[in-house]
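One chain, subunit A, appears in both complexes that follow, with subunit B as partner in the first and subunit C in the second.
Right after this comes the complex of A and B.
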């Protein structure tokens, strides 16, 4: 039986939509895919003209980026320490504060909430200048504690606001039931509230970790030979080795691998975090 | 209520104060205290290259700023960079979201692809574009443009193309953010409104202007706020791609304040420039927030 004209028109329309969407999609796929291709080439193949699509892929650059002369492993570990410590501290501080903002009677709640929101809007350049002078004075340049303190400036306000929006969604009846059971306030927070916002905590952890891992302005100025996160290592690599693009691509993809894995695996949570921010306001990303 | 039972922190206000105190204390120490120090510094002459010249400057730094052509130039670039990149992100992001909403299957692929640019570090994005995409001859885009016979463009080496390039890089990285937010926002719209409109024989354009646009207005404004804040403070991708160059062709205020402080070591004037950016950021966000709460029509 032949397609009826209505159905044929719909199929045609869908085909046009898919082609248009696919072309747009390529704009975002191609640069990343090209970086992967380049990372599998030798340096001489990278500088062949015209650019080659067909070549013998090699993992040599990845070997170099991990264990070879251009190893970024130590920077990788540094980023891991910085981002994990920032995340743990942020969560420990943000969750109780968010609970109080979302659920409890708190003196001066409005101005305090507004204050938290405004701290999030300070341009990083306005903080890096005083921090450089302060950390220089107390000898915390090129130190873990120095960078972690600075990272709190953008992670904490963001985390508080993200958590507030999750806490607000918990049904009040649950807390009231806990009170009737004579649970004290700490027990209520720990046993009733926290399990309800596990999803929100996961989203917050992901965003805080990601923002800390990708941070560059503070890192490039406040880090050094001792504490050097991956973003700074990448930048230095290009400044020194202007043309070793295959090695750059491999090292950068290794440095970004945790973010790509988190991005794909936690895609739903990230979209949720983005949209909550977009509905309720706030968020540095 | 349950006040007065089981110790001091059973009283709600006390308990709440106890919970917010650590976070607020950390915020005051890590953000407000440095900020006060920044403002204080903006009234000083602080030059790390000439520490013996350090002194109180009063409003000198701000007076200097008003007659500094570099400042006005960087301000103009900041406006161009922010307005054009935010406008592009919103228009392309919304267009793509409307398109993908029409697709019966495979929306998931778009969501995954859209996540990738967002999770990459801006400095890596800037480095990739500077080398793999835009480098003369060997960069993919430069090669493609030449192969198509569109002529040679000095992407990052000539002033106007460099400015367009850094705007393009920023737009490339952050349009997926707008796209994802709009997609979620469109997906949450009530279907019955559309059906009523369809029965009324409203065409697609009319439906978009009179139904979709007002409904997604909150998301639209919030995306504009968030993206403007980020664009005003954009640093890593520009720094990696052009370092503000050639000359000062891509040196937005943020990068100018950085260079003044950390390259010329003039921390007093650099602080004043950073205060200017702070004031602009707060002004822009309050205007946009006013738009958000303003009543429609």
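Right after this comes the complex of A and C.
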């Protein structure tokens, strides 16, 4: 059966797209797939050369990583607390701040908005020493509050500016209508603005949580034995004498889990954030 | 309700946006229960005036009073005004029922009473069958009705409408216009209506204010504004098409335009020299060969009437013919002007003479 030329051209185009997508996917998936394979081997199998294709999978490494002598479980909980607290505080503080930047007539609004971003402009490595000195001085090294405050200095500017762009998208008339309906500012924010930026809040929550969860540079310097996030704890498997690759892989995969769960769960929320509009001639983007 | 009548007085209202002078000293008295239109081209300050009345914009100087009480700096919520926005400003995440009920909820009305009041308001604008939909699922006309219902669900002291019909198609606009008038009669509330459409203002309003360049140039009933425009600018704005404005001279109760003379027995005494003469297209007639000769440029068939564009020398004159006839373009017709319907304006002050 002969294909007509249009169909053939389309097939060729699609084939090229699929190959390109497959290559990109491969680059992304191989390290994770490799980690999964490694985590199911014994330490000696990992180092065997040539690599063994056929082996007896074992969950031993996961047991060790969770409950063994190098257990990351308590660090996992620590990371969970740090990330959740950072996220909650960020959202609580960023929403009113973003609303103010988006809507209120503030003196010095422009410079304020600019300097909010100052931590994003300095190379993070340059901030480690001042942060260390400050936390040391006030006795907050290796503490939850110390790390959370440091995380906030990065998550807040980011969250504020992300939320500002969502809030600015809401037509002013909508708020003015609410004011005329006798709603005060707080009621307007609560009943009119927030429901419409749900999607934006969800996106912000995900990014802030993800960044806090993945944070390593500051944690490794400012934490200690007491408050040790999972990113730092994973280094227990790396020592001068040896690297326990299989256990490290298992630990890393466990540490990845919350992010994957959140990503999948939030996908729907993000799409939902694109609410259909009330204003004639346009929906909310 | 007894002492709440809804008399609005604005005096000396100035408002600048940066270097743009949006309002240049507005004085306005709106009577209780009046249907009052703010009419003007875009950028003339009518919407800004409405926003000052609503409390959404504070004037730079001037005062606003409602029933004698100074509310210049009162917040929108304190003024007990309801407003329909040009783009309706419905809350997209709420159902119509929640949209209409929102002002009641914010006003602290008992939860038990809200559903009945919402239904009542929805019934008045015929959307009571749509209460569980969201704004995004409605047509433009239905959204507009929802905005109206949200405004009338409580008993506002002032009812403000900002170009409420401009987003509707022509047919729906005519229907809604009638309904707005009916709604106003049943509500018995002072209604202030912003529009750039003079026909809309003429048909719907009890009185109107005409805005040009941040100033009110005339206040009056539609008849007054139509029959006695007090400046050249109002004359050039009101009427579709507006009146013909032709420069001429007044000499001994005669109007001279080029070589033509027209006796004006009613011309105001003392009027002399250069004037701008205005006459509506419906007051220009076709006549016999003793009339002023004019060349036909274009004829527009309007169904029941015709609009003729004619040239007298360098001037184009429009004529409305109450019947439809066949003309050939370029032919010469003869015109007569009804002296009783000639308006005279001073070309320097631009004001009406007499």
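Here is the rule we go by: the second predicted complex is superposed on the first by the 246 of 285 C-alpha atoms of A that agree within 3 Å, B and C clash if a C-alpha of one lies under 4 Å from a C-alpha of the other, contacts with A are read in each partner's own complex, and residues count from 1 in each chain.
Everything below uses one rule, namely that a residue touches a chain if its C-beta (ideal position, glycine included) is under 8 Å from a C-beta of that chain, and two chains touch if they have at least 3 such contacts.
For clarity, every value in this text was computed on a predicted model and none was experimentally measured.
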- Query: Given the touch rule stated above, what does A:126 touch, subunit B (first), subunit C (second), both, or neither?
  - Reply: first
- Message: Is A:171 touching anything from subunit B or subunit C once the two structures are fitted on A? First, second, both or neither.
- Response: second
- Message: Let me test your reading of the model: by the given contact rule, A:196 touches which partner, first (subunit B), second (subunit C), both or neither?
- Response: second
- Message: Looking at A:224, would you say it contacts subunit B, subunit C, both, or neither? Reply first, second, both or neither.
- Response: neither
- With the two complexes superposed on chain A, say which partner A:20 touches: subunit B (first), subunit C (second), both, or neither. first
- Task: Kindly classify A:179 by the partners it touches after superposition: subunit B alone (first), subunit C alone (second), both, or neither?
- Result: both
- Message: Tell me which partner touches more residues of subunit A in the superposed arrangement, subunit B or subunit C.
- Response: B
- Message: Looking at A:57 after the superposition, I want to know if it touches subunit B, subunit C, both of them or none. Which is it: first, second, both, neither?
- Response: neither
- In the superposed arrangement, what residues of subunit A touch both subunit B and subunit C? 179, 184, 275, 277-279, 281, 283-284
- The subunit A residues in contact with subunit B across the complex are 14, 17-18, 20-21, 24-25, 27-32, 34-35, 38, 46-47, 49-51, 93-94, 96-97, 99-101, 104-107, 112, 115-116, 118-119, 121-134, 149-150, 152-153, 156-157, 160, 179, 184-186, 210, 213-217, 220-221, 230-231, 234-235, 238, 245, 248-249, 252, 255-256, 259-260, 262-264, 267, 270-271, 274-275, 277-279, 281, 283-285
- In the complex, the residues of subunit B that touch subunit A are 2, 6-7, 9-10, 12-13, 15-20, 22-24, 26-27, 30-32, 34-35, 37-38, 41, 46, 96, 99-100, 102-104, 106, 109-124, 127-133, 137-138, 140, 143, 147, 172, 176-177, 180-181, 184-185, 218-219, 222-223, 225-226, 229-230, 232-233, 235-236, 239-240, 254, 257-258, 261-262, 267, 270-271, 274-275, 277-278, 281-282, 285, 292
- Across the complex, what residues on subunit A touch subunit C? 171, 173-174, 176-184, 187, 191-192, 195-196, 275-281, 283-284
- Which of the residues in subunit C end up touching subunit A in this complex? 54-56, 75-77, 81-83, 85-94, 102-103, 106-107, 134-137, 140, 143, 150, 167
